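A, B, C and D label the chains in the order they appear, each numbered from 1.
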């Protein structure tokens, strides 16, 4: 199945794109998507822990199960205000 | 010697004037002026304690000595803000 | 000048931030439509003008000394104010928000405690009562 | 709408007080001319728009529930901001000042912690660096 992955700020600069559609196995969890990205992107491979993640615009845990068409984002440390 | 006494808010309403010039004995202190006023003004005579006082626009204690021409005010409980 | 008979222009106060200021905290006191369960249509604010000016200057100065980089501006209105009008505005600017919040809060607390200003609450029937006039 | 690309109009926010509100606390975050000793001429703010909107709505709603009578309004700007421009404004109205200060402070603290907004500090030479980009 497919999910849409968004990249912001320093993550977008590291990946070189704003978003992409990725194929994940049915029943995949957020953690597995991160591991797949970390295998592809040198910048992400250096992270010791998974950054905060959002699924469909809400914070989600590493164990959140993904579904077809989900919008997933891994978030650099926020710095609003 | 003479001092000028100012009345504000509920004190002005009680006394019926905004200010007056009062004769006090040389060396008088704030407390003595208050006692003289309390003897004259029924509203003041009911006070158990002297209200906060100001001499020349600064808070002053009951023991502050008065001088010719001083501007003295006894202050109702402030309620600014 | 800290006292004013004109409406307080909070927007004008907000233009006071300097290039090193990252945080601005503003407190505005507004005339409410009730007080202790009694309906209020207006409040008359009266000040011991010269002393109120010097007390507010003292408060603003002390806070700027207590918190490095903090500046405090105060405006207090006098006269008759309708419900919804601003009676007081305190603006504290600082490099960071901790100091801005702390100085703003301290300023309004001190103003309420020491500045010689009094208020008379006006009821719908036109009568007025001094707040805290009974000792 | 909590996000805006236009300058934040704090004065317009101030008109939101209701007749029962006696206290308004406003926090404004302003772009500073330095950060950690490095000179800054501007900041680029970027948001995960849809999620930032819902997070700010959640923060404002939670505070209104936590403090009876409190209403919280938030505006956060995105895009390139020059030194001295407001990046965020939080307005909390309440019957009394304790709740107004507490809700305003809690709002800005939560905004900084959870709303997906990032900033890139622009140096005088035009280069930029994401804040806290290194994990």
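One rule holds for everything that comes next: contacts are C-beta pairs under 8 Å (C-beta built on N, C-alpha and C of every residue); 3 or more make two chains touch, one makes a residue touch a chain.
This one's a predicted model, so the numbers in the text were calculated from it and none came from an experiment.
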Maximum distance between Cα centroids and subunit C occurs for chain A
Expressed in whole Å, how far the mean CA point of subunit B lies from that of subunit D is 49
Separation of the C-alpha centres, subunit A versus subunit B, in whole Å, is 73
Rounded to the nearest Å, the gap separating the Cα centres of subunit A and subunit D is 26
Residue ranges of subunit D touching at least 2 other chains are 29, 108
The positions of subunit A in contact with two or more other chains are none
Listing every touching pair of chains gives A-D, B-C, C-D
Subunit B residues touching subunit C in their complex are 6, 8-10, 13, 47-49, 51, 54, 57-59, 73, 75-81
In the complex, subunit D touches subunit C at residues 10-11, 14, 17, 19-34, 83-84, 95, 97, 100-101, 104-105, 108
Listed in rising order, subunit C residues that touch subunit B in their complex are 29, 45-48, 50-52, 54, 76, 87-88, 108, 111-120, 130-133, 135
